[in-house]
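Multiple structures are listed underneath, in structure tokens.
Two complexes come next, and they have one chain in common, chain A, joined by chain B in the first and chain C in the second.
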Partner chain A sequence: MITLHHASRWYGHVLGVNDVSCTISAGITTLLGPNGAGKTTLIRLITGQLRPTTGSVAVLGERPFANPRVYAKIGYCPEGEGIYEDLTARQMVGLLAALSGMSGRALRDHVQHVLELTGIAESADRRIAGYSKGMRQRVKLAQAIVHEPEVLILDEPLNGLDPVGRREIAQLLKDLGAAGKCVVVSSHILHEVEQLTRNIVVLHHGRLLAQGDLYAIRALIDAHPHRVAITTPDGRELARCLLDLPGVVSVRLDGGNEGGVEIETRDPEHFYHEFPKLVAHRRFRITAFSSPDNNLEAVFRYLVEGTS
Partner chain B sequence: MTPAPHKEPAHPQARPAMAEAHIEDLSYRPYEGPYRTRLLRWWVIAGAWMRVVRRQPAFWACVAISMWPYARAIFFLYLDSNGMLRRPPGTPDVGLMLGIADHTPGQQFAFQLYGALTSQWFLWMLPVALIAGAGSIALDNRAGALMLYLSKPVSKAEYLLGKWAGIFVLLAGATLAPQFFLYGYCALSYSGEGFFRNEPLLVVRMVAASLVPAAVHAALLIGFSAWSRTSRMAGAVYAGFYFVVSIAAQMVWRLLYHGHLGQGDLVRHLHVHGIIEGVVQNIFGVTIHTITGNRRMGIEYVTLPPPSLGIVGGLCLFLMVAAIIAARYRVQAVEVLRG
Partner chain C sequence: MMAEVHLFRAALRDLSRPKRLMAAGFVCIVPPLLVLLVRIARPASGMAPLRYNFATTFLGFGFVLPILAAVFATGAIRDEVEQRTIAYLLTRPIARWRILWPRFASAVLAVAMGMAICLVLCAVSAWGPVGVTTAPLVRDLEIAAVGAGVYCAFFLMLAAIINRALLVGLLFAFGWESWVPNMPGSFQRMSIATYLRVLAPHSLPEAETMDVLRMLNALAPQTISQATAWTTVICVTALALAVAFAAFSMREYLPQEDEG
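What follows is the complex of A and B.
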């Protein structure tokens, strides 16, 4: 749905995005990167607010820059405020729906439906000036989805929302992704984003670092062996056995009765295959088992550290 | 199988509450209504801006105050019709000299409509224009709403047209309403004295003339507003520009053409209100007679015919186009900073 082909964007001598080529298809994709990585520039290229200096950007097969035909198919939720404080949420969302061509009673019904979906219907007739940050976030999301876009670009959509609100909005985004929409989410709340999708695009210093499935990317990072943490009262015995497994490069023991063993392996697949057999055969008592760096935060950290 | 015996709910309130409860359908439903053609989407922006302005009590208060030149015109027409401003032949025409009545055939009522319109616009409509236009784009700049507007299927030209139209409709309405009122008063009071016969096209001239200041101010205001981040800033800069240039043009006119002020027509009109006044004077086709001067320079009786329509009309168009180009240059979904 979104294709970037060697897209670069310069601001004078400052580089925003550098030679990015990738394809983003239907479903939810998370855009990750530290501050200044080029996420916002990439979003602006996709939403047609900026023209690439070199290369090309296509959304649904068309160039988005200054192209209202494409704008009709894109829903954009910016990070900043971007809303009139004097209007009510209903007026604001209604106005932007009308700009997309909706009209009459159907518009009013649809706006009501979208306000209910985003959980703002009960306060929809109050002026936005009196809204909390979370409520404003919901208004911005409502205006982004009101015109039924094929592509939804959300810049930090979970900012300012309380835990319940985050769960509700995350569920809505999942529903939209499942319905075949292309949802691109830029966020810093990594653990929440991880609940949304495993499909990530990582940017750093304007360059594309990685794109694809989170676990597939993790498996490709050779510089950092996978860590596995095991809690067991049989720590010493288990550690000795684990050292014999192929691919295990280190074993670390924590003291105490409920001692912990942390191993590092370069062959996690083999480890996960052999470990249950070992436990069953030697009758080890395992009380906890986790993989602390097989998550988005660790992958993000390894990728960014690797280029710094 | 026997049905289970009916049991009353443990809490009497439980039943009504359950009856009222409903399961919310929070699945995404598509829009099933019609889609409006893109040709008229600029009107959505105009309508939205007009709603913002119409809600401000200050706007209506200023509109009401701006209408006082019409009350004054009706008062002078009343005095004139009772013969209080007429003098015997051979004596100076007091009404003409004071600029409050003109008995020249063919421009008696055009003079009143012209006088009321230019008086209304020189000072009294300026606050109305500032309320209606200063914040039009500045508020979007401040709220970052341009990013949202321009991410919808609306072009920059449609956005500017919508903003211009919103201001124009408000200002034109505030001008046309009292103009029609004064016209109606004249039509009802003077139909027996050749009102329709002597000035048959007056209503057409009146409508055309009323639209000129609204159009020019709307264009200039979106230009100033686009370059400001607050409506106060836009309003202050515009008001400053309006008055400073106006005072400067008047001073230069009086200094350069002292003793023959009637010849310095172009200089006299070289400011926003002067240009508008020149176009409006051409549309109404009136010649102004007035007294001007001071203690040092003495009194001068001046006849001011309409200035060249080509020049003032050209200046008028230039101002509008320049302001719109300036606004178009500034209006961007995102502000691109150059490194």
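What follows is the complex of A and C.
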């Protein structure tokens, strides 16, 4: 649905994004990167607010800059505080729905529907100036989905929301993704992003570091063997057995009442295949098992560290 | 068309913020107040036309009109950029010029209303209540509306193509439009105010002493016909709007601090 082909964007002498090529399909995709990585620039290229300096950007097969045909299918929730403070939520969402071509009863019904969907229907006739940050975020989301776009671009949509709000909005985004919409979410709240999707695009210093499934990307990071933490009272014996497994590069014993073993392996697939057999055969008692670096935060850290 | 109606209403709501209304009201009230002060100081009834003509020519059309137009017309774009709300508008399935013209129309309406208040109060201040019927108000109000259109179009064009449009606009209003209409030779034709003065002429007494500019003007008097004035005003309005719409359609509008 979204294609970037060697897209670069410079602001004078400052680099926004540099030679980014990727394709984003239906479902939820998270755009990750530290501050200044180029996430917002990339989003502005996709939403047609900026033209690429070189390369090309296409949304649903068309160039998005100042292109109403593309905007009919895009919903955009910008980052930051910009909002029509003097309007009520209903007026703001209504205005932007009217700009999307809606009118009359259809407009009123759609506006009411998205206000309910985003949980601000009860406060919709109050001026936005009196809203909390979380409520403003909901209004911004409501205006992005009011015209039922195929592509939804959300720049930090979870910012300012309380935990309940985050869960509700995350569920809404999951529902939209499951309905076949292309949902691109920029965020730096990694653990929440991880619950939304495994499909990520990682940017750093304007460059695309990685794109695809989180675990597939993790498997490709050779510089950092996979860590597996096991809690067991049979720590010493287990450690000795694990050392014999192919791919295991280190084993570390932790003290404590419940003995802990942490291993590093370059062949996690083989390890996860062999480990249950070993435990069953030697009757080890395992009380906890985790993979501390097989998550978004670790992948993100490894990718970013690798380029610093 | 519904989209434009919504945008027009939103723009009017934006223009009618209390702070903005108070500032505009203050600007509009300056000419009639000065006329009132002069009337109190020199109450001769024969002076009423002079008081009205002076106030409308130099303060109404020469000061209030370009100032209001500069503030309201540049605000049509500036407000959205400064409030960081422009992204909502520019990512909607509507041609960009269709976003701009309702905002232009609301600015023209606001300026014309401000000028109407100013002119009516000037007439009342100069003559008293009979001023409403004595002064050439209908003609002046018509030309004020035309002036609102041409100035707003010009300042909208500035806002569409440069970043500090308000500052440049105010410099233009205070500097260019104050001096150029009084310049000798055909140079005065470079000012919008010159043509508005032709369309709404107000006779002023000849100065007893001649300064250099008047001498030069006397040597090479410039006469602009009403037809030329109308044609020029219409052409400037159309051209400025065309440039404004084209620039707004092509330009990237982003707050620089958001880059990242």
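Everything that follows uses one rule, which is that the second predicted complex is superposed on the first by the 308 of 308 C-alpha atoms of A that agree within 3 Å, B and C clash if a C-alpha of one lies under 4 Å from a C-alpha of the other, contacts with A are read in each partner's own complex, and residues count from 1 in each chain.
What we mean here is this: a residue touches a chain if its C-beta (ideal position, glycine included) is under 8 Å from a C-beta of that chain, and two chains touch if they have at least 3 such contacts.
Predicted, not measured: the structure shown is a model, and the values here were computed from it.
Once chain A is used to superpose the two complexes, chain B occupies space that clashes with chain C.
Of the two partner chains placed around the shared chain by superposition, chain B is the only one that A:His13 touches, whereas chain C remains out of contact.
When the two complexes are overlaid on their common chain A, residue A:Gly80 makes contact with chain B and with chain C alike.
In the superposition on chain A, A:Asn35 contacts chain C only, with no contact to chain B. In the superposed model, A:Ala106 lies in contact with chain B only, and not with chain C.
In the superposition on chain A, contact is made by A:Leu117 with chain B only, not with chain C. Judged by the touch definition given at the top, the superposed model places A:Glu148 against chain B, while chain C stays out of reach. Residue contacts after overlaying the shared chain place A:Ala72 against chain B and chain C alike. Applying the stated contact rule after C-alpha superposition, one finds that A:Leu176 touches chain B and leaves chain C untouched. Judged by the touch definition given at the top, the superposed model places A:Tyr215 against neither chain B nor chain C.
After superposing the two complexes on chain A, the stretch of chain B that clashes with chain C is 38-46, out of 2-10, 20-28, 38-46 or 182-190.
Residues common to the contacts of chain A with chain B and with chain C across the two structures: 11, 14, 44, 47-50, 66, 68-69, 71-72, 74, 76, 78, 80-87, 91, 95-96, 98-101, 103-104, 107, 143, 147. Of all the residues in chain B, the ones that touch chain A in their complex are 24, 26-38, 41, 44-45, 48, 51-52, 55, 139, 143-145, 147-156, 332-334, 336-339. Listed in rising order, the residues of chain A touching chain B in the complex are 11-14, 44, 47-50, 66, 68-69, 71-72, 74, 76, 78, 80-87, 91, 95-96, 98-107, 109-110, 113, 116-117, 143, 145, 147-148, 172, 175-176, 179. Against chain A, the residues of chain C that register as touching in their complex are 2-3, 5-7, 10, 13-14, 17, 83-85, 87-96, 99, 249-250, 252-254, 256, 258-260. Within the complex formed with chain C, the residues of chain A that make contact are 11, 14, 16, 35-41, 44, 47-51, 66, 68-72, 74, 76, 78-87, 91, 94-96, 98-101, 103-104, 107, 143, 147.
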